[in-house]
Structures are given as C-alpha cells and as structure tokens.
Amino acid sequence: MIVQRLAGRLGISEIAFIAAVAGLAVLVPLANLTMPEGSLLHVSNATVVLFGKWMCYALLALSLDLVWGYCGILSLGHGAFFALGGYAMGMYLMRTIGTRGVYGNAILPDFMVFLNWKELPYTWYFFDWFGYSALMAMLVPGALAFVLGWFAFRSRVTGVYLSIITQAVTYALQLAFFRNDMGFGGNNGLTDFKDILGFQVQAQTTRATLFALSALALLGGFAAAKAIVSSKLGLVLIAIRDAETRTRFIGYRVEHYKLFVFVVSAVMAGIAGALYVPQVGIINPSEFSPANSIEAVIWVAVGGRGTLIGAALGAVLVNAAKTWLTAAIPTVWLFALGALFILVTLFLPRGIVGTFGSKLFGHRWSK
Amino acid sequence: MRFTRRRFLGTTAAVAGMALAAPSIRAQGAPVKVGVLHSLSGTMAISETTLKDVMLMLIEDQNKKGGILGRKLEAAVVDPASNWPLFAEKARELISGQKVAATFGCWTSVSRKSVLPVFEELNSILFYPVQYEGEESSKNVFYTGAAPNQQAIPAVDYLMASEKVQRWVLAGTDYVYPRTTNRILEAYLKLKGVKQEDILINYTPFGHSDWQTIVRQIKAFGSQGKKTAVVSTINGDANVPFYKELGNQGIAAKDIPVVAFSVGEEELAGIDTKPLVGHLAAWNYFMSIDTPENADFIKKWHAFIKNPKRVTNDPMEAHYIGFNMWVKAVEKAGTFDAEAVIDAMVGVSVPNLTGGMSSMMPNHHITKPVLIGEIQGNGQINTVWQTSGLVVGDEWSDYLEGSKDLISDWRKPMSCGNFNVKTGKCGGKA
Amino acid sequence: MKKLSLAIASLLLVLAALLTVPAGSAFAQTIEETIAKFATDRFPDTTRGVEEITRSGHPTALAIVEALGDNRLAYRRADRRVFVIGTDDKIRSAETGAVETDVDIDDLRRVRINNPIRQTIAAALGALRLGSSDPGQRRAAAEAIMQAREADQAPALEAALGREKDARVATAITQALAALRIVDTKQPESVRLAAIDTLADRGDREALVMLRSLPADAPAAIKQRAERAAAGVERHLSILSGVQNIFFGLSLGSVLLLAAIGLAITFGVMGIINMAHGEMVMLGAYTTFIVQEFLRANAPGLFDWSLLFALPLAFLVSGGVGIAIERTVIRFLYGRPLETLLATWGVSLALQQAVRTIFGSSNREVGNPAFMTGSFDLFGIALTWSRLWIVVFTVVVFACLLFVIRYTDYGLRMRAVVQNRAMAGSVGIRTNWIDALTFGLGSGIAGIAGVALSQIDNVSPNLGQGYIIDSFMVVVFGGVGSLWGTLVAALTLGIANKLLEPLAGAVLGKILILVFIILFIQKRPRGLFAQKGRTAES
Amino acid sequence: MNGPKTTEALLYLDGVSVSFDGFKALNQLALLIAPGEMRAIVGPNGAGKTTMMDVITGKTRPDTGDVLFDGGQHDLTRLDEATIAELGIGRKFQKPTVFESHTVEDNLRLALKAPRSVFPTLTARRTAEEKARLDELFATVKLGSQRNTQAGGLSHGQKQWLEIGMLLAQDPALLLVDEPVAGMTDAETFETAELLKRINRTHSVVVVEHDMAFVRELGVKVTVLHEGSVLAEGTIDQVSADQRVVEVYLGR
C-alpha cells in the first residue's frame, strides 16, 4: 500500500535513481562474480568495495538530508550515529573471530588480551549473536538520538545551538572511544575481522553480497524517507523548517515531529555504519570526529538539500572526487576539494540536483 | 583520467591485485611501480610527508644506479589523508589498481592495522618504518622500525645504570603504542624490583596542548627524595607544548631527565631546545651519528630536498634500510613477484646508517643498534650510550601475559606469525 | 686519608678565596694530567677531571668548568691539548688561560657531557663560585651545593657563612649546610635536628626532597622529626597547589578566550559559521614565524621584540585574508548562515593546504623571547612567564575590542548594521563595507591570538584545527553575540577543566566539560548571556 | 493554582501583568469576551495589544493574573501553544506568516481540523470530506484560482486572506486576528471586514487593528488599550468621544 502510494508521487529523476541503484545492486555483483577477469564487463573487487563504501555514505547523507533538508535540523553530529552502528557491527565481527585471534583467546578480542584484560566487559555481552548486534546497530543510535532530541527539542534548542551541541556530542564520544579504558580498542579501534555469519569477509562473494545489501539498504532508506516526506507528516516537517512558531500555533507539537524524524534518521545512519564496517574492515574513533560529520553535511549540500536523491548523489560525487584526486594530484587535492565546496555554495546554492534537477526533470525540489 | 575510467567502467582490472602475476603482463623494461602510502594532509602529514620525500629520493637514487633487474622504478604516490579507512582503500588501489611491486608506508598503528588485511588478502608487501608496540607479525609486512625491546627497555636500563633512577613517570598519549609499551615497561621495572608506588602512569588525549597540570604532577612526584625520570611515549604533535612547558616550569634534565621514544630531530625542529639540553631520546639512529654512510645520506637528502636546514630522523633511516633490503631481495629472487620476494627477504642484510649491518629476521623485524642520546642546544641529539651489538626486534614481548609464549617465523615450513611454543599450535589457524 | 686530603683541598680553596694568592702551585705537577683527562672525551675521565680541577683551585678552574658546562671546552685530536672557546669565540689555553691565535677551530672537538656530568659540574661551580664577589652567584652556588649535596663542601660552606654579609645569601648557605648536615652521621643529633627545622622553614619542594631522603639507618628521633617536618611542608604545598590550579585554569581560560574572541565577532555578531577561523589563528602564528626568521637573519638584537613586530603584522595578514574572504565568498551568503559553514570549510581546507605547500607540513620553530621564558615564584606558586603574559595580553585584547565596539564611530555603525541592516543602510551606512571590516576585525584578532598561541603550541598547518571546536563551544556556551558571555564562558570552562583534570584525568575531564555544556544548553537554549535582537539563527 | 473560576465568558483575563526587564507591557489587564462576540481592540503602538495575544496563545507567560478559556474550564497560563491551539484558539499574526514553500492548498490542509499527533499525521490520507472542507474554505477566502501555486508567490493581501483561511480551517471557537488589513487596499479592507462579519456568525473573534475606518466598518464593541491596561470600552462613537482616548491618540 505504501508502495503504490509512493509510486504516484515519484518524479522522473527519482524513478531513474531507483532504477540506477537497483541496477547496480544486481549488475555489479554479477559482473564481479560471473565475468572473467580481464573481460570488458568485469568489475574488480576494488571497485566493488569502493562502491559499497559509497552506498553507505549515500545512506548516511540521505538520513542527514531527512532532518536537515526537510526539518531544518542541522546535525553536525550525524557521524556519531553512523559510527555507533559501525561499532555495534564491529563488536559482532570481533566476537566471531573467537580463537582465531593471534592469542587464540576464545572470549577476549586481541586488544584486550595484550592490554591484559581479565574478563569481557559487560558492554560486550551478547555481541556474539548477529541478531542482537544488528538490533543494537539500530537501537543504540536511535536511543542516543531519542535522549538527545527529547531534551533538546523540548527545551527548544534550535538552529546553530542545536548544531553545536550535536557536534559536542560526537566530539565527546570520539574522546570517550579514544580512551582504552572504555574497552572499545582505543585509537586502533576494531580490525582484523575474519567472517560474518560464517562467510569470510575477505571473500569475493561476501563482498559482492555486502555491496548488494548496501545498495538495497540505500533503496530502503530512500523509500522510507520518500514515504515520510511525501506524507502529510512531510508537509508538517517542511512547515516546521520554514515557520516553526506558526506550526505550533496551528496546533502541531513541533518537538514530537522533530524527535520522530531525528530518531528515524539516526537509525538509518546506524544501519549505514553497520554495513560500512565489514566492507572497509575497520572502525575507530576517528569516525566520530566532527570533521567527518561536517563532511557529510557538505555531501548533502553539494547534492542538494531537500532533495533525497541529491543527498545520495552528493555523497557519491564528493567521495568519487576524493578517491580520484587523492591519487591523481595527491599533493594539492585539498585545493580542488576546497574550491569545489566554495563554488557549489556560491553558484549552486540548492545543490546540483536542486538546481539542475528541476530543469532537467521538472523535479519539485522542496517537496 | 585513464585510472578513473578503469575505476568506473571496471574495464581493465586484470588479475585483481595478484601481484604474482604482475610481471608476466608487464613488458620487460617497463618501469616497476613502488607504492608510497603516507599521509600528505591531515593530522599525520606533519610526520609522514618527510617519509614520502625520502622514498622519492631513494627511488630516484636507485634509478640512477640503473634500477633493479634492468627495470626502472616509478613511485606511485597517493594521499590517504590521515583517514584510516582511506588508507585501506588507497592500499587496495595501489596494489590492484596500480600494480605496485611493494609499498612503503603508514605511520600510526591504526593505519597499519587498517591496511594489513588488504596486504594479506592481495598478498603484497608493506614496509612499515616506524617504532611501534609490537604484538604483531604478518607475512606481508616488514617492520623496519623499532619494537619495544629495541627502544624502551634499553632506555630504562641506561637510566637505571648511569643516572641511578629509582622512580618512574610513564607519560603517554592514550593509544595503543604507549599503552603497550608502558605495560611492558611496568612489568620490566617491577621485575627489576621497582615498587608500585614508585611508578606513575599518566595518559593524555591526542594533540594535548595544555600540560601545566601534568608537568606539575611530575615535579611533585619527583620531589620525594628518589631520583626520578620521565619515560615519554607522548605522540609527536603534543610534544612541542609538553617540552615548552617543561622548559618554562624549569624541569632541568639533570634533575628529572625525560626520555622520549617518539621525539626525534624532526619534532625538535619545532622547538627552541636550549631549555631541553640533556633530556634524552632513544632511537636506532641519530642525525648526529658520525659515519660515512650517514654523511653521504644527509648530503643526498639536502641535495634532494633543496634545503640544507632539513633534518634526518630514525623513520627515514628505517625506510633507507627497508628499501635497500627490498632491492637486495628482488635481485636475490630475480623477480618482483611478491611471494618470491617475501621468501627472499628473510636473511637479507644491508648496511644501516650507524655503521653496522641490519638484517631481516625470520619474524620480519630487523636487527638494529639501540642508541640513547641527549638533546643538544642546536636541536641535534648526541649519543651518550649505545648497545654493544645489534638488537633483534622482538615482535611478541616476553613481558606480556598473552604473548610471552608466542614466536614468529616466516620461513618454511613453519611460516607462522604467532606460533605458541606451549601448545605447539599456530594461532589464527585454529 | 681521602677525607683528609679533601679537607685540606677545601681549606686551601678557602684560603685562595680569602687571600687571592694563586694556590695553583701546590698542584703544579698534576694540573696538566688533570686537564689532559678532558682530552680523552670519555665520560668517567671527564667527571674525574671536573672533580680534580675543582679541588686544584687552579686559576682557570672556573673558566674550564663553566666552558665544559655550556659545551665550549674543546681538545685538539692531534696533541690532545685542551682549549677553552670563549663566549667571545677567542680560543684560550686551558692551562694558562692565555689566548691562542694559531689554533684552528676546525681541528678542535668539543668535550661531550651527559647528565651525571652536568650534576658534577653544577656542584663544582657551586664550590668555585662560593668565593665570588657577586652575591647572586654566591647564592646560586649555595643552592647548587645544596642540590648536589656534596658532603665534602661542608667546611667551605661554614667558612663562607662566617664571612657572609648578605643576609639572603647567608640563609641560602645555612640551608645548604642543613641539607648536608641532616645526613651527616658525624654531626651531633641536636645539630641534625636543627638542620631539619631550617629546611622545614624553607618549605619548598627542594626542602621536601632533602627531608624525604634520609638514609634508612638514621636515628628514630631524626626520622620522626624529619617526617613531621616533611608532612608540614607537604600540607603547605597542597594548599598552594589549589591556588596553582586556579591559575592554570585562568591561563587555559585565557587561551580559550583568545582563540574564541575573533569567532565571537565573525560568528557571534555577524552570524557566520566561520569554519576557517582556526586557519586565521594559524596564519597569525606563521606570521610570527616569518618575523622571527627575518629578525634572526637580519637583526638578532631585536629578537626579543619579535612579538611586538609580529602583532600588528599578524593582525593585518589575517585581517586582510579575512576581508578578502568576505568580499569574494561570504558577502554572497548573508542570511544563509548554514551555507557559510560549507564555504568557509572549503576555505579552511584550501588555507591549510596552502600553508602546507609554502612552509612544509612539519612544525616550525617559534622561539620564546627572554621575557616569556622560564617561571618565577610567587609565595611558592610557580607562575610561568609565557602563561602569565598570555593572560595579561588576553585581557588587553578584550578591553581594546570592547572599546572599539562601544566607543568608536566604526563600532557604532557596526552595531547599527547588526541590529537592523536595512535601517542602517537607509541612514547611509555602507553596510557592505561594515560587513567586510567586521569580518576583517574578527579575523585580525584571530591572527593576534595566533601570535600568542605560537608561544605555547605547535606552529603547524594543523594549529587551527586544534582550537576551532573549543572556540565554537565557548561562543555558544557564552551566548552567541555576547562578548561578555564569551569571556565568562572561556574562563569558566578553563578553570572547571583544570580543577577536574587532577581528579578525572585529562581525557575524562574534557569529556565531562562537553557533557556539562550539552546539559547547560538544555537549560538555557541561548547560552549564558542570551542576546536579544539578531543572533546567529538558522 | 486556584481551581477553575466560574465565569460565563469564553475568554477571561484578570489582573494580567507582563514585564520585559523593567518595562511593563501589560499592567493589571482585564478583559472579558462573551461566546459568539466580536471585539475590536485598538490602541497606539506599545499599548500591549500583541503581548496580550501572546499571553492568550501561550507564547508568553504572564507574571501575574488569570487567563481562563471556555467558561473558566482551562487555565491558559499553564498550557503550551499547541494545546491552546487545539482547545480552539486560532491566531493570525500581524505580519502574515504562511508556509511559503507549500502550495496554498497544502497550507490549508495543514491547518484543517484533524488529529495533530505524529503517527496519525504520517498515515493520513486525502478523503472526500477533507476535499469538501477545502472547497468550502477556498470559496470563503476566494483563493480557488491559486490552489496549486506556492504560497510564497501570493500577494500581501492574498497572504492575509490565506492566513485567515488557515484560521477558519482550524475551526476554532475563538479567532485572534492581529491587524488583518495592514497594507490592504480600501476594497480589500472592506472585503475583509465583510469576511470577518461572516466568520463571526459561527465564531467568536477578537480583532486588533489601528485602522479606525475598518473598526467602524465592523461596528462592534471596542476596547482601547493604553500602557498595558484598558483605557476605555464601548461603541466606536463612545470611545472616540472619550477625552483620554483622544489624548492618547493625538498625544498631549
């Protein structure tokens, strides 16, 4: 039912987007697994991993756009939700290493062994069950968002004040996870994963599957976000973004709406993180660093805030640029990236899709 | 551009990363790529950029000598931007994209940890030039920096013997290298009969810039009537403010000497060292070392970097040793094939800059002399003590619970990174 | 036997000091051997060399030991002769002290020393300078002897005490004597107990060391008295440390304030989320570096004034860059504060890379001028000059800024624009120039902050990144748009942080502070000093 | 707090005082609005008209005084904006504020009387009766032609009307209308007056306005505010005859 309700509301660009992502989700793994290496159609493992990473970033950007683009909540701490999801998954991957760690300790991860921990901290209990870990990957970011939002929105912390406290949250978490006493591996974080649900993380098929899953997650996230923004609730969100007090006087309890969308978005970010970790093979506190969260904001801005596909595209474009530039012009690439950000804000204030999207596909950017 | 097209269309990803097949698909005489994986931007650029330049210099130098096996070398430089997942991505790109024969790179442990699986999966070679906490031995990594027993323990011995230190402050940045090193030192000191109350351990965050409180703590700890020394595993960036505070609060080396494991000529270049004269550093190389090899190296470096003021430091020597070892091993193996080169590496020995020969051990760590030096007013470090012979890097510390029974030997038939002598099993394969 | 000869030696030394007759002759036949010890350049020999030359009372002894101390003692490989390289770069013979014109400095190798030797030297200098005519030197000498605790210096000290006129020097000598006596088993118990009291009166860390380091076999009575005295000293010190923490907090607070004050204008007043603020600070620091390099090369004499030259330059450089940014980027973004975040983020990336390309990515050395080095003691609280000056400096900057905004014509116009752009425009204020100037002002102040921070922190391309987040916290905590808020916020956070650090440790302390800010904003969503009128609203 | 007061009044203000750092915006204000009444409130700038609105709608909390609604059932001083709105007090702002990036229709849809909590809103669907109500509203505010244009594109007057439409959509028991004809042409002003009269048939209305002509047009009881309290009350002719009122308006 949701589906058909959506179908009616999709612009051409969005249909194209869905088709593209779905296509990738199917074709890339196929081309990677079935095509012989060296054939024109073959997609290298490196490419699969890279694309997988971008899909996760895209989902993160999407979740950020949901709160920022549609509800005017600029979160400078969305990286925190992403990282928490990642850690939840990372902890599962650590636990499943079992006796294959260098010290062959069945219970304790390696870093605990050589830092001479005696028993497993309670925070690590149950993370050997995939189900539990997957649940936590969504629950923990959700819960954090709920608590933070509950207080912040009720006491009407808005605008830049909200942005800064979200930044404070992610910064505090970064420092906390740096502390080895926290028992999350300190600066080295969690690495050296062996397998996930019995499949080798390094294996080509696992990679392909993870990529496909990431792509599907992106589609799922898109569908959810689209469902929200195109419902009447979506109207309320934009109303809040444009005239918060007015919305109150019509009788909408603004804080509840913000809380709802903030939590949904955090959960999406958490899922993105959980899919990200097994593909890049490491999670460490620098994922919490404020700079990362700001970058995510920039992806959204580049792609076009308030346009879901824009957010996703922005994430992919910026990261593709990064991947290319850091290899092509390693010593000066920051100039290029910096210039890109400046130019986009100056000349494409509504982002790439926001500006061209409407021209090309008659896409209504603010809806 | 060529490279991006390959990325996006995934056209020519032939033999993804299988470096062993690489030579076959390369015409003889075509240049061989050598990966340089050091951060040129972000927080670590401060230390790593220099290593990038050294690699360029060494490669240029080798090409002047006619390259290896009649093939010129070509540096493939990328910028992982002090971002750990990006390190992994770049490593993969170097190996399977650019088909490098070997990679020289990484500084922080976390960056090494993040690329390790990639190198193992694609069976390529990484040379890691920085002193580190040990507790690791990979088939695909050659550790040319110091293990704790090649730096920390001799330093402590020296302080005990020649400065009669009885009381110890172990100050470090809160990450794995200081944590592990301090654990090892703590165990070692206790073994030497130092009591718990004579050991103060203190951790600070990265880039900690306000040292007033801690320096005062140290002062207080040192005023209990016993000779006190500080063993500093403070990470590069935080050292400048730390030493500035030391100098300002007037902690002179003759009262409370500070011995540092992460402070070399490069870090000192950022400080006025006059107040620090006499504080110590433990490394395997100092720029002040008076040998013809070193003089020659420094001359080349100044010529290459076009700045006679630039200093040299220990990780640079590590790359110098590692690179020459790789060259030798390739010649020995007669091919660039990673598998063959890895086997050829063990046993290779090349001259280091301190007047000895360093050799690659079966545990993929190398033999080095250990030098203790005192900081001079001109930012140089003068040797005041050095081990009579070379010390073998000990990957699995004998002073840690988990690892004292582990050994590593990559020679066939054992070829195991963490063989447990008690159980007789090779860990990680269970 | 040895003891006796020592006694004689020091006695002779005293005589030498008293009736300035060169007593060198007594050791004439051995002096060459003694000095030759330095030529082997082996630490044990050097140590012995120092000890012997000190006892010898040889006229050049002081010169030799001093030279060794600051690395000016050298020997010629060829004939193992030892020379003193004067601070005037003249080369003198170690034996005679006569200037040697035919010695080529390149043939000379300097005699190396290490920490143990430095200690010996300190003690030796003590012995040698005890007879100096300059009371300051005599006092330093007594201190040196006290720290070195060379038992055989006791007679010399007693003699010196006998003829000492200067009261302060006298106390120093008495304390030094006490330090020697409490461990001197030959002294009667009464004397040793008296010694303990003397040190107890001194009551600083040094005294604590002395009181704590009694030999295990010391008589119970002495041990007890010493322990009680030590406890007393420690109580005294712990009270001081409380005060000390406040000062630390104040100093940290002023650093935060200095870093944030510019942001309080660009972000707080103008509502620009200026991510490039940190880079403005960095530019200021690099300006200082350039100024110092220039002075080192061209006018070393002026080095101590380098900061004075750097301040206006840094203000101009950062301010200029700021204005350039405002004119080329930000002015198109007014009313879209969040867009400014993105653009300025781009700017900051570019600036960092620019500096990296020009100056290289490693730290640059910015020296501390004399007046900013070292520390001084205020009622037992050690204040470091650099920190103290930064506190003072911060206050001055803040005051100036307030003045500019409150009392100058520009300030008036600026406030007008901030409160009502349209109205200000219609009364003929050129708002766009006011904007440019204001942004320039904020950036310029950041630059000035950079000059100060270069004194205590790394000068590297990452300098700014270390301060940007804290700066935003300070401004927001204090209440966007309120300078006083920024002031209070910075000091509060600084002091809170420093009071927490000893209890919770540096990392946890910082986390707690952040949590506190987060909770506080819930209570006061507009910060400490909530502003009416236009704030940085999104 | 003291329990509900017994009063017939729809809106009951008594002894309401509000001060912003020293300045008394409202001073012992008392006001009674009977059910079904339309009341015009006039007064020079700073008389406290808007502050009074803020107090009624829960935007500002009074320092002292009672603000009761619907026969004293609800103590408005203890409720937040949303609740008060749901109780049936609608407000139109002095400066027309509509949701600029929504279409005119969506603006009205948002305002329509319907469950306001999150999940019903998420699953809400367009229904026949919703459409009927909308058509009705468009008829009343005469914006049918602009149904699908973005509200940001409307003229000033149209925005005023749209906002009134949004008020009606909420179908509140009491409408607070702040300067509805500010910046309107005479024709529009007249229209608006007519509209308000029509609305008053089914709703109680409080109109704040400067424009005496307009107030006269409405022909309802007038309350004159001055320095935060009631200066005079009565028909337009009575109050404009009142000496103090003239002083206040013409200045002394």
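For clarity, chains are labelled A, B, C and D in written order, and residue numbers in each chain start from 1.
One rule holds for everything that comes next: a residue touches a chain if its C-beta (ideal position, glycine included) is under 8 Å from a C-beta of that chain, and two chains touch if they have at least 3 such contacts.
These numbers come from a predicted model, not from an experiment.
*Asks:* Name the chain pair with more contacting C-beta pairs, choosing from A-B and A-D.
*Replies:* If we tally the C-beta pairs in contact for A-B and A-D, the bigger total goes to A-B.
*Asks:* Please compute the C-alpha centroid of chain A, do the same for chain B, then give the distance between them in whole Å.
*Replies:* 34
*Asks:* How many angstrom lie between the centres of chain C and chain D, each centre taken as the mean Cα position?
*Replies:* 67
*Asks:* Could you work out how far the Cα centre of chain A sits from that of chain C, in whole Å?
*Replies:* The computed centroid separation for chain A versus chain C comes out at 46 Å.
*Asks:* Give me the residue numbers in chain B that touch at least two other chains, ranges are fine.
*Replies:* 40-41, 174, 203, 205
*Asks:* Name the residues of chain D that each touch 2 or more other chains.
*Replies:* none
*Asks:* Could you list the positions in chain C whose residues touch two or more of the other chains?
*Replies:* 352-353, 465, 507, 510
*Asks:* Let me know each pair of chains that touch one another.
*Replies:* The complete list of chain pairs in contact reads A-B, A-C, A-D, B-C.
*Asks:* Please give the residue numbers of chain D that touch chain A in the complex, ascending.
*Replies:* Its residues touching chain A are 57, 59, 80-82, 85-86, 90-91, 93, 97-102, 106, 109-111, 116-118, 121-124, 166, 170.
*Asks:* Which of the residues in chain A come into contact with chain B in the complex?
*Replies:* That would be residues 31-32, 37-38, 40-47, 49-50, 53, 99-105, 110-111, 113-116, 175, 178-180, 186-189, 191-193, 202, 280-282, 284, 286, 320, 322-324, 326-328, 330-331, 333-334 of chain A.
*Asks:* Can you list the residues on chain B that touch chain C in the complex?
*Replies:* 40-43, 45-47, 49-50, 162-163, 174, 202-205, 207-210, 212-214, 216-217, 219-220, 223-226, 237, 240-241, 244-245, 247-250, 253-255, 257, 266-267, 269-272, 275, 278, 280, 374, 376-377, 379, 382, 384
*Asks:* Which of the residues in chain C end up touching chain B in this complex?
*Replies:* Where chain C meets chain B, its residues are 43, 71, 112, 114-116, 118-119, 122, 147, 205-206, 208-213, 237, 241, 244-245, 248, 251-252, 255, 352-353, 356, 360-365, 367-368, 373-375, 382, 384-387, 455-462, 465-466, 498, 501-502, 505-507, 510.
*Asks:* List the residues on chain B that touch chain A in their complex, please.
*Replies:* 1, 3-4, 7-8, 10-17, 40-41, 77-81, 83-86, 88-90, 92-93, 96-97, 108-110, 113-114, 116-118, 121, 135-136, 174-176, 179-180, 183, 203, 205-206, 400-403, 406, 417-418, 420, 423, 425, 427-430
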